[in-house]
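So, here's a batch of structures to check.
In the two assemblies presented below, subunit A is common to both, partnered first by subunit B and then by subunit C.
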Partner chain A sequence: MASPYPRRRSRRWFIERWAYQRFVLRELSGVVLAAYMVLLLLLVSSVHAGGQAFADHVTTLRSPLMIAVHVILVLFALLHTVTWFQAVPKGLPLRRGEEKVPPALMIGANYVAMAGATVIIVAALVA
Partner chain B sequence: MTSGATTTQTIGFEIARYLPGEDRAPTLRHYDVPYRPEWVVLDALNYLKDEVDGTLSFRWSCRMGVCGSCGAMVNGVPRLMCAAFLRDYLPGPIRVEPLANFPIERDLVIVLDDFMQKLRAVKPWIIPGDRPPPADAEYRQTPAQLADFKQYSMCINCLLCYSACPVYQHEEEFLGPAVLALAQRYDHDSRDRGNSQRHELTWSDEGIWDCTFVGECSAVCPKHVDPAGAIQQAKVESTMDWYRSVLWPFGRR
Partner chain C sequence: MRRSPEPVFWSLFSAGGVVLALIAPALILATGFLVPAERVEFDRLSAILTQPLARIAVVGLAFLTFVHAAHRLRHTLVDVGLRAYGGPIATVSYLAALALTAWAALVAFG
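Presenting the complex of A and B:
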């Protein structure tokens, strides 16, 4: 009795299509943001330790390596933001009667809320 | 590329062939097909079967994106062959392989058993519960109630979403996109009272919680069902249900 050819699994699936690469980058962005939280905690702890420790920390942050690290961090933070907001209308769609609230409107509202929150936080820090 | 039927222009095809019992593995075979701008990949395959090699095996029926039979990997992407125009793949060659993530019966024909079994398991039909349909009339449903599930009812079981899903590729137990979208379709139908019968399976680890939201199922869906959206919404509903059961132990909804 001839048998079917078994289904194929690929260990390299995540590089075989751009859509999968994008997915892996999106998932990695969460790990990268967690790493940034560690950097942020180190900064807070240097402030807590006093003037000299803080000055040393700032010197470290000015090194080319740390600047390069932060450029990567910003890129991943942007990716995380964009993909997170894109997921909102997928997971929590809104409907008015029969009509769907346009996904672009929901995504836009999130950006507006983020901008508002940023303004409030920056104003509180500056004040 | 304005040529019509009068030209001798051709376009190349690389088609996966597999004859069980004779071939050890599928191999790509090259064919040349006359190029016609109005032809789809399925037309080219039917030309080959009629004129060149009658042993070429593939499933098809309606030729118009309704029956869901002619799914295949076209240049590595799951497509309905009846909706993949040759003119979009110029200059070729066009690679046609059986849908990924399924065992291969022969040539482009895949084994559907796993999907059919999972489809049955989620009871994709209306379960009336203690509210049977009125004896003298049909159920009433408002347009808003219809809009709540209509999108998910457009599924034609073509399995393109299963081919696009890396989770299904690696987790054979995973119910998969189309089945979970169909479960959502009946969960959201105002006539249905079968949610509790489905959730044990659909809200389990083999169900929605296996999904990592790659999202390609929705990208390849020819009927815009958006299974990825359906699954994420079910995750939200399942989470809310869990919180309700914890916070209100005596009166669950």
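Presenting the complex of A and C:
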């Protein structure tokens, strides 16, 4: 009897190839965004605690370490955005009559929405 | 047959994914760079965050973010080789997301 095909996969397969590393980085972006959510909630908490608490929090945010942390955070957030928009036409293929809506159009529409949201958020906060 | 809760998790994961893709870079830009550059006034932030709708939005965003992260973490851990512990990993992930959401509610309505 033929033996089953031996599946050989190392235990560390996910760090052996760039395509796999990219998959892990993308998945990790979810956890990184949760970590950012904690930072965001600490900021909200400082605002509710009053002007002095907020000023102290701003001082913390000014440190080189926190700036570096936010550079990493924004890179992961952009990785999430790009990979998510790439997946939209695959996960939710739209049709207009017989015609398939071109993936590039769907992805483009998402970037337009993201740009709009960015403008609204920044305009709402910066006086 | 007992209904699986999986569609609920996938729907929440997806909702969180959309919201984060649209606004996470802008939020990080604002709170990580514009706030330390003192381009955001305390009074402005306080006026926004004390509105009832904004408080609900903060909790909603936190809920979707934490469930999204829990879902990704759960499936990634299973995919990279912890399949045997799939059940406990799922339970711990989603419970952690709920606990963090409860904390977010305390913060938002504090």
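By our rule, the second predicted complex is superposed on the first by the 112 of 127 C-alpha atoms of A that agree within 3 Å, B and C clash if a C-alpha of one lies under 4 Å from a C-alpha of the other, contacts with A are read in each partner's own complex, and residues count from 1 in each chain.
Please note the rule applied: a contact is a pair of C-beta atoms (placed from the backbone, for glycine too) under 8 Å apart; a residue touches a chain by one contact, two chains touch by 3 or more.
Since we're looking at a predicted model, the values are computed, not measured.
Residue contacts after overlaying the shared chain place A:14 against subunit B and subunit C alike. Applying the stated contact rule after C-alpha superposition, one finds that A:4 touches subunit B and leaves subunit C untouched.
Of the two partner chains placed by the overlay, neither subunit B nor subunit C lies in contact with A:107. With both structures placed on the common chain, the touch criterion links A:126 to subunit C but leaves subunit B unconnected. For subunit A, the partner with contacts to more residues, out of subunit B and subunit C, is C. In the superposed model, A:90 lies in contact with subunit B only, and not with subunit C. After overlaying the two complexes on the shared chain, residue contacts for A:30 are found with subunit C alone; subunit B is out of touch. Common to the subunit B and subunit C contact sets on subunit A are residues 13-14, 27, 91. Those residues of subunit B that touch subunit A in the complex are listed here as 18, 20-21, 25-26, 76-77, 100-105, 111, 143-144, 146-148, 166, 169-170, 212-216, 219, 226, 228-229, 232-233, 235-236. By the touch criterion given at the top, residues 14, 17-18, 20-36, 38-42, 44-46, 48-50, 58, 61-62, 65-66, 68-73, 75-76, 79-81, 100, 103-104, 107-108, 110 of subunit C touch subunit A in their complex. Listed in rising order, the residues of subunit A touching subunit B in the complex are 2-10, 13-14, 16-17, 19-20, 23, 27, 87, 90-93, 95, 97-98, 100. Interface residues of subunit A facing subunit C in the complex, by the touch rule stated above, are 11, 13-14, 24, 27-31, 33-34, 36-41, 43-45, 47-49, 51, 54-55, 58, 61-62, 66-67, 69-70, 73-74, 77-78, 80-81, 84-85, 91, 110, 113-114, 117-118, 121-122, 124-127.
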